[in-house]
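The following blocks contain the structures, represented as structure tokens.
First chain A sits with chain B, and in the next complex the same chain sits with chain C.
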Partner chain A sequence: MHIPDSFMPITQGAVYWIIALIFIALALRWVKNELSEEKVPLVAVLAAGVFALQAFNLPVTMGTSGHLVGGALVAIVLGSPFAAIFVLSLVLIVQGVLFGDGGITVMGANIINMGVIGGFVGYYGYHGLLSVTRNIYASAACAAWLACIIPALAASVELALAGTFPLVPGMISMGIYHAVIGLIEGGITAVVLGLISSARPDILESAGGIPA
Partner chain B sequence: MIPNRTFLAVGIVLALVIGIAAVFFASGDPDGLDSTALVVQGQKELTQPAKPDAEIDESALPGKFEYSAPFPDYTLEGGTKVTDAALLVVGTLIALILVFALGKGLKAFGRTRSS
Partner chain C sequence: MIEDLFELERLAYGTSPIHRLDARVKLLVTFGAIIALVAYPVHSSIYHVSLIFALLLGLLLAISRVPLRSFIKRVLVILPFGLSILLFQLLFPPVAFPTTTVLADLPFGLTLTAEALSKASMIGVRFVLCIGFIVLLSSTTRIQDLLVGARRLGFPSEFTLILGMMTRYLFVFGQLFLRVRNALSTRCFDPFDRSLPYRYRIRQLGNTIGMVFIRSYEQGERTYMAMLCRGYGKDAFLFVPKKPLARSEWGALLACMVVVIGCPLAIHALSV
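This part shows the complex of A and B:
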């Protein structure tokens, strides 16, 4: 889902950068004011995990591959969508600048899609579903699936505005591929939450992730 | 409950193992975005694999900015799988250190402002 520079005119990329910078500023403020200092190492480890998992493309049939995005996972574990924006922004900067994975002028769009939309959909989707199902793993898996497919559809709209994809075929194709890729997102998110829950249940409790 | 340091150390080791494994086992198929580009350019059927020679037509794309990353596609020019794995390890550690340093720096900045 990492949009490269060639997929979007610079002027449109600049608009997404401006919007992204507003959310990055809010995320930095969240770290400064809301994140407890003891959790900073956990945030760093989650960033390392997201970076590594994003490099691991798994086949999803139809001659296509996909990987975890991680916005929902980070937002759920740390209890805020701003955590996802913080982590995904920095991961995308490392990927784009050092490895050419995602563009520079379009990085704002990638941050909006994977960090902002992924984080907000993952966090609020999880808590909404949790209030209904009372099952953290099912809720996290479904929210993570939504946090994969909705950013993909957003990207297809952005790329339709850029003139790269025609709107409807682009949305159909991105939607179908990421509906399958989202199964990876949901599965890995639930598994990681399970591992954290069994090793350090206090982390999820303090993030409001486990119903009292 | 696992002690904090052990928990974090296991997390870092797992991330590095996943990064190294990605070099050897990750799929080389195009991702969802590239597959969509191939589909809309008529080089791939939606539910079928692309032909081996299928490529995204860059001349048809609107973005003109070019940036040459030092390690494109997580590889070193003329490198081997071992150097690719080393790059993944370095990238994972940079992400770890960058987030840790910025997080700690922001917390220290917050303390200075509030005191």
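This part shows the complex of A and C:
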């Protein structure tokens, strides 16, 4: 889902960059104000961990492999969509500048897709479903699935606007591919949440993510 | 990508003139080149621009003495997603071209047209060159130097401070990832092993990933506490002493910028 350079006109890339910068500023303000004291270092170190966690290859059926994006997981555990924006922006900047995975001129679009859309969909999807189903793991899995497929659809719409990707076939293929990967992402997110709630329940409580 | 991380840092400790060049010059030239390439209109003269940029990249690569093998390997790793977009571009031309020449009829009612092919190849050339410039930047510059350079270029201090903390721990978690992977394989656990039940594999992987998550959270807590003990607070910032560019560095910057900005403008003016 990392859109590379040269697939989007530079003017559109600039527009996405501006929107992304606004959200990064909001996320920075969230880390300073909402987390108790100045916990910026904590979230920064956590971002390095999310980078490593994305390196695990997950088995997807039919012989393909995928990897976790983790936006929904971070948003649910730390209890705010802005946490996901903050962490994923850092990860995407490192991936883009050091590895070339995701372009420089389109990094704004990537931050919007995976950080902003993924974080908001993951967080509010989780809380919405939780209030209906009262089941933490099922709603976390569904929210993570949504946070995988909706950013992929957003990316295909952006590429279609940029004129480099056909809209309907693109959305179908990106949607199906990420719907399958999203199932794994959902399963893993639920398992991780279960592990955290048994090993370090205070992380979830302190951030106000899950009502005990 | 994690394996590349360690290779990257090893490469970045080279001693060639490109490695010794100030990070500011390298950052400006790399971003300038990428922006110039992306901003150039999709027109057949883009091949001339690309040729000049490829020559510049080749020249810088030769001076930097980065092994060609690792350079190509790192470029190839990034290509698949872009190539799959290009494939779609070929099969379903999104913009209705005024005239189309059908080159080949493919099954499922798809057609390959000359216009789509030429557009896809133009985008493809640009795409590979952009990745080449980024890979050259990161294999000739240490991460810490990149951050100091970005700070000297005027990036906000808050931002470089956070990125600096993150990149320092990238290596810690990179090693953790490698250890965990070895531990899994010494216990003969392979997530792609079809003889194991799928639920079991997902549960094991989930627990492993959750463990990495908890460990990074705890590392964050320890780091944060340690920083508080050393006087970290609301007004902390990354102090970077000023350092003017040497005359030779100005020269290198100007020469590269003339190529990066001047050539596309000149070619565009000549060809339109």
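Note that the second predicted complex is superposed on the first by the 189 of 212 C-alpha atoms of A that agree within 3 Å, B and C clash if a C-alpha of one lies under 4 Å from a C-alpha of the other, contacts with A are read in each partner's own complex, and residues count from 1 in each chain.
Note that in this section contacts are C-beta pairs under 8 Å (C-beta built on N, C-alpha and C of every residue); 3 or more make two chains touch, one makes a residue touch a chain.
Just so it is clear, the structure is predicted and the values come from calculations on it, not from any experiment.
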{"item": "Contacts of A:Ala48 with chain B and chain C, given as first, second, both or neither", "value": "both"}
{"item": "Which superposed partner A:His2 touches (first chain B, second chain C, both, neither)", "value": "both"}
{"item": "Partner chain(s) touched by A:Gly187 [first = chain B, second = chain C, both, neither]", "value": "second"}
{"item": "Partner chain(s) touched by A:Arg134 [first = chain B, second = chain C, both, neither]", "value": "neither"}
{"item": "Partner chain(s) touched by A:Leu28 [first = chain B, second = chain C, both, neither]", "value": "both"}
{"item": "Partner chain in contact with A:Leu73 - chain B first, chain C second, else both or neither", "value": "second"}
{"item": "First, second, both or neither for A:Leu167, with chain B first and chain C second", "value": "second"}
{"item": "Contacts of A:Ala152 with chain B and chain C, given as first, second, both or neither", "value": "first"}
{"item": "Doubly contacted residues of chain A, that is, touched by chain B and again by chain C", "value": "1-2, 4-10, 13, 28, 32, 38, 40-53, 55-59, 65, 90, 93-101, 103-105, 163-166, 169-170, 173, 199-200"}
{"item": "Residue ranges of chain A touching chain C (in the complex, touch as defined)", "value": "1-2, 4-10, 13, 28, 32, 38-59, 65, 68, 73, 77, 90, 93-101, 103-105, 159-160, 163-167, 169-170, 173, 184, 187-188, 190-196, 199-200, 203"}
{"item": "In the complex, chain A residues that touch chain B", "value": "1-10, 13, 28, 31-33, 35, 37-38, 40-53, 55-60, 62-67, 86-87, 90-91, 93-101, 103-106, 152, 155-156, 162-166, 169-170, 172-174, 176-178, 181, 199-202"}
{"item": "Chain C residues within the chain A interface of the complex", "value": "1-2, 4-5, 8, 31, 34-35, 37-39, 74-75, 77-78, 81-82, 85, 88-89, 92-95, 123, 126-127, 130-131, 134-135, 137-138, 143, 146, 158, 161-163, 165-170, 172-174, 176-177, 191-192, 198, 201-203, 205-221, 223-224, 227, 232-234"}
{"item": "Residues of chain B touching chain A in the complex", "value": "1-2, 4, 7-8, 10-12, 14-16, 18-19, 21-22, 25-33, 35-37, 39-40, 44, 46-50, 58, 61-74, 87-88, 91-100, 102-104, 106-107, 109-110"}
